[in-house]
Each structure stands twice: as C-alpha cells, then as structure tokens.
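One chain, chain A, links the two complexes that follow: it is found with chain B in the first and with chain C in the second.
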Partner chain A sequence: MTIDVARLDGVTVITPRSERIDFESAPELRGALLDAIEKGTHNLVVDLGCVGFIDSSGLGAFVSAFKALKTRNGGGDLRLANLQPPVVELLEIIRLNRVFLTYPSVDAAADSFLATRH
Partner chain B sequence: MLDAARGWGVAAASGAIFEIAIAEVLVNAVRHGGVGAPGAIQCELELTDDALWIRVFDSGAGFDPAGVASPAIDPSSPERLAETGYGLAIVHAVFSRVAALRRDGLFGVELTLRLDARPASGPSVS
Partner chain C sequence: MKAAILAGGRGSRIRPITETVPKPMIPVINKPVMEFLVDLLRQHGFDEIIVTTSYLASEIENYFHEGARFGVRMGYSFEGYHADGAIFAEGLGSAGGLRKIQDHSRFFDETFVVLCGDAIIDLDLTRTLEVHRRNGALATIVLKDLPREEVYRYGVVETAPDGRITRFQEKPSPEEAVSTHVNTGIYIFEPDVLDYVPPGAAFDIGRDLFPLLAEHGLPFYGLSVPFSWIDIGCTADYWQATAMILRGEFKLDMPGRELMPNIWGGINLDVDFGHTDIQGPAFIGSGTRIEPGATIRGPSVIGRNSRIEAGARVDACVIGDYTRVTGFADIAAKIVNGRFCVDRRGTWVDLAGAGCTFVIDDVRERRAVTKAQEILIEFLRSETLPELAGAVR
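Showing the complex of A and B:
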C-alpha cells in the first residue's frame, strides 16, 4: 500500500492510497503513523478519502497512534478527514466516533488544530 | 459468501459493514484454526423466511463469542483504550445473534441476521 506523508502548516497528513485497510495493510499504516509520532509530530491527520473499507486491524492502528500521541511528545491528537459513509458507520457502531474527531476535508482537520496548536 | 447473500436479495447483506463483519469472522478462523489444512475451514449460508444464517467452522480450539467483552471506549483514558478486540464488536453490532457451535470435531460460530423483509427462501450453500 502506498502511503503519502506530507507536512501542512505544522500538521502531518497521512494519506493511505488504498481502498482497503485490513489485516494485511494495517501494519504498514500503523508503522507510518508511529514513525511520524517518533519524529515529533503532535498533530496528525489521516486522509481517508481513498478508503471505503477498514477492518478491526485498521481501527487498531488508529488507536495505537492515538494512544502514542496522548502519552508521548507532551500530547497531541489524531483526527480523521474525508471519511466515506461506510467508515463513518463503522466508527459509529464501535463508538470510536467518541475518540476520533472527524472532518469533511484535510484543510478543515488541519485548521482544527490551530486553536489547540501544540 | 457475500455474492450468495446478495444474490438472495438480502438487502442488509449488501452493506459495507456486513462485509467487514464477515471478513472479521473469516480472518479469525484463518488465524486461530486450521491454517493450511484442506477443508479445515468450512462455511455455510442458509436463508430462511426470517433470517440469514452463517456458520463458519475451523479446526482451532474454539471460543465462546458471548464470553468476550467488547472494548471499553473512554476517550478520557486513552492509555486504557484497547488496540485489539474490535472485530468481535463489529460482528456483534451487525448480527442479531452470535453463538458458538461444535460439529464433527470442529469448532465454529453461528451468526444470525434477522431480516426485516421476508424474501423468498433460498438454498443452503456450503
């Protein structure tokens, strides 16, 4: 799976270029997220515009990164952008929508950090 | 399995969440039972007047899905958030009933999807 990593005004944007994040591809995504955190990122946005399918492995990758951000580097957050309806539904039924803030675009997610910039 | 469910006109079975739930069950079967053994994983679908039944058997040690708690979600305690265990939570959210089975020496799980509509009965598929 190709994963793009970009810096946007103090925010790291991770973009998985795959329609599916599952048990095969989730470890790679987890690695990219944790690598960004290891490099000192506080503000992470995951652009899910390409992703229509996420399984429990993918959710676990997000949770791993969220926990790492909260416990290292003096805090931070992982926010999700460009979610397709199935992903929204998945987060809702597992109630992880209580954990991850979601935004309709990468710009909106990046801007959301401005008020709480670390 | 998905094609069969959709072919029977089970509207609820065409949703992406249904596909994720089925994938979770199958991946669990591959991970925990019968990897590499021919016929070690067996799947059945049955459509009745009011429900879709899915049974997945493997040669692993089996488990009781009713005895596995869903991960607690408390954003105020991130250090306590589970990084695993969401698969069974997805399965429980999609299916009306999730039960353990044992047949012919294989352990399995039976998933029941109650149907709002009452489509014509279809055949069983193994």
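Showing the complex of A and C:
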C-alpha cells in the first residue's frame, strides 16, 4: 500500500492509497501514523478518500495513533476526512465517530485545527 | 378460484438482505411478505395458488409447502435448473413463467389473479374481479397514483376515460412519463391472455406483454381503487413498511400480545420493563432478551431469540432473528440481518468481515477475541462508554 504524507500548515495529512485497510495493510498505516507522531506532529488528518472498507485492525491503527498523541506529545488529535458511506456507517455503529471527528474534506479537517491549534 | 404469485426475482435492490432470504420471504414484523398475500388471497376465495420460484426457491417452498397451514392449496413452478451442484435461474420472464405453467397443465382455466410476491396490499380483490368482468376485460392492471418523481421505478399507463389502457411505458423517466398512474404488479387475467405469450421464450409482463396488448387495442384496462400498497422494492421501502405497520398506518393484526402500551411481543421473553428504556411502537420476537440498561426507540422490531445487551442503543431499527447487539452498538434507522447492518439508503457494513462481531453478531456464535479486537474493545470501553464502564461486557 502506498501512503502519502504531507505537511499542510501545521497539520500532517496521511493518505492511504488503498481501497481496503485490513489486517494486511493496517500495520503500514499504523507505522506511518506513529512515525508522524514521533516527528512531533500534534495535528493529524487521515484522508480516507480511497478507502471503501476498514476493519478492526484499521480502526486499531487509529486507536494506537490517538493514544500516542495523548501520551507522547502531550496532546493533539486525529481527525478523519473524505469518508465513504460504509466507513461512516461503521464508525457510527460503534460510536467511534464521537472520538475521531470526521470532515467532508481534508481542508475542512485541517481548518478545524485552527481553532484548537497546539 | 386460482391465483399466481411471482416469487422468482433476485431482489438485487435489497441486497445484502436477499443474500440468504428471497424477497418474498423477507419478514415484516416477523411474517414473510408473501404470507400477507396468501392470507389476502384466501380471504377473497382464491384457494389454488401457483407460485413461480427461482432464486432461493427452497426457502419459499419449505415454508408454504402445499399450503394446508394457510388454508389454501399451493404449488410451485421452478424456473431454472441445477448443474454442478449450483442452481441457475432460467430467464423466462414473468409472462413466460405463466405460459410455462399453462403449457404444463392448462392450470389457468378461469379468470385468475397475478400478484408480485414482494408487496403488502389490502386490496378488495372481490370488487376488482367484479369490475374486470363487468368491463369484459382480457387483462386488468390495478393502478396506483404516485408522485411524479417516483414513477421511474414502475410501469406507467395512460388510460382513456372508460379505463381502457391506451399506452404502457416500462420505467420511464419522470419527464417522459405519460401519467403518474403506475402498475402495482397486481393483475386480473383471462386465460386467453397467455395466447399472446410465445411458448418457451423469455417474455416479461410489463416490458413485452402489456405494450403488445395496448398496441393491438385489446380489452386491456387499468383500475384505480383506493387501497394500501407497500412495495418492498428496495431497502428504504422495507424499513418504511415496517415503520408504517408499527405506527398503525397500515391496518394489520399485530402478532403476539401487547405487553405494555405500544409494545408487542411473543412468548418466552426476558425483558424487565422496569429497568430497560423501551419506547414503542416496538415488537419483540419470542425468546428474546433485552438487558437492563439497553435503550430501544420505536418504530423497531427485534427478531426472535435475539439479545440486546446493556448499553446498546437501538433507534428505529429492524433487527433480525438470533442477533446479538452489544453495548458497543448505537444503531439508528438500520436493518440488521445476520452479519450485515444496512441503512435506509442501502449502504451496508459487513460486521463479521470487518472483524467487529463484538458489536453485532449471531447470538449462537462463540468466537475468540483477536488481539486487534481486544485493543479496540478496551479503547471503546474507556472512550465511548465511560458512563457504562463495567456494564458492558
């Protein structure tokens, strides 16, 4: 899986270029997220525009990143952008949409950090 | 009197529910759609019913058998064949299927009714038959007036003032539609109408037969009578049908007993109404357990032998049989069928495929929790349900 990483005005945008994030591809995504956190970012946006399916391993990658942001960098947040309907559904069913805020675009997600810039 | 029910469709617009259940067997308040039709036919004296089957035929045949339990006599005409252990549908079309029955035994030897197996109706069939006979019709279609933006899913007819059909369009765009009177899939036919169907060929009632009858100027009538018609064509329809029946907008005898105001249920229930937050209208199937601390908002149906656990929130949902909904679940306006959770737009999530069986699963399954699930479960407990920590297993 290709994962693009971009810095955008104090926000790191991670874009997995895969239709599926499952037990095979989730470790790579987790690695990319933790790597960005290691480098000191507080504000993470994951662009899920390509992703039509995500499983518990993929959600686990978000959880690892979320925890790392809170413990290692003393704060920060992980926000999700460009979600496809089945991914939105899954997050809503298990109430994860209350933890990982979702936005219709990367710009909207990045802008959301402006008010709460660390 | 004789009737035919067309029950062979694949039901692709209501996937993935139809992966395991053929459309006529989809339960509406725990009763298959087609059973409502069999009941209606019997009430109006139609006691010999032939059912055309194909996709998941045995699900239908093993439920209705010879019809004795339903007070009618039933038979089946299977359209397809088995090869290499698989079942293949044979595309005879709806009219071709009726012609096949006629060629087999001349079954249709008097005026007969044809119903599509995927709608719930309360039509006065006796009166419809009278009008058909008074018109001297070869074929009569029961019509319904719909908003123009909805007609694209149906056959649209243009009628003369005396009810004769002058034009028939199959699924036109709203702009092209010649009227807003749509074909409900309820027909009264004379046996002679089948002479216009070529034997052994694919021929559809809406696409092929009706335009032919209209073209030839045959006594082909449309009849608009007031009746309720709930077409279970797509996922939204299914959800809507269930909600309408629960709200009492479609008169129907609710199964089971009214346990509390607006809450009906079967037998052998484990529900402590003092400690569960249930607001009707709701139906709870036999053998189901609703744990203290669960929240249910109507209109909702919970299937048989299911379990709604502490912390779960179920709002305006149809939950299938043998379904476990755990405290991690918050589902609104969903249809839960086995491993699938489907919303009204038809967007679905395969919870087993996504490794989220700790949220919704078959209650009979015993599964080991994976490492990834364990991490997620722990996280959900602390982050999403602090008020319920401890209550959720």
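FYI, the second predicted complex is superposed on the first by the 118 of 118 C-alpha atoms of A that agree within 3 Å, B and C clash if a C-alpha of one lies under 4 Å from a C-alpha of the other, contacts with A are read in each partner's own complex, and residues count from 1 in each chain.
In the analysis below, a contact is a pair of C-beta atoms (placed from the backbone, for glycine too) under 8 Å apart; a residue touches a chain by one contact, two chains touch by 3 or more.
Bear in mind the structure is a predicted one, so any value in this text is a computation, not a measurement.
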Given the touch rule stated above, what does A:F23 touch, chain B (first), chain C (second), both, or neither? both
Once the shared chain is lined up, is A:D107 touching chain B (first), chain C (second), both, or neither of them? neither
Thinking of the overlay built on chain A, is A:G52 touched by chain B (first), by chain C (second), by both, or by neither? first
So, does A:G60 touch the first partner chain B, the second partner chain C, both, or neither? both
According to the stated criteria, A:D35 is in contact with first (chain B), second (chain C), both, or neither; which is it? neither
Taking the superposition on A as described, I'd like to know which of chain B and chain C A:P86 touches: first, second, both or neither. both
For A:V99 in the superposed arrangement: first (chain B), second (chain C), both or neither? both
Touching chain B and also chain C: which chain A residues? 23, 53-56, 59-60, 63-64, 66-67, 85-86, 89-90, 93-96, 98-99
Residue ranges of chain A in contact with chain B within the complex: 22-23, 52-56, 59-60, 63-64, 66-67, 70-71, 85-86, 89-90, 93-96, 98-99
Touching chain C in the complex: which residues of chain A? 23, 26, 53-57, 59-60, 63-64, 66-67, 85-86, 89-90, 92-96, 98-99
Contacting residues of chain C [partner chain A, same complex]: 328-332, 334, 341, 343, 345, 347-349, 351, 353-356, 359-360, 370, 372-373, 375-376, 379-380, 383-385
Contacts from chain B onto chain A in the complex sit at residues 15-17, 19-20, 23-24, 27, 73, 75, 78-79, 81-87, 89-90, 93-94
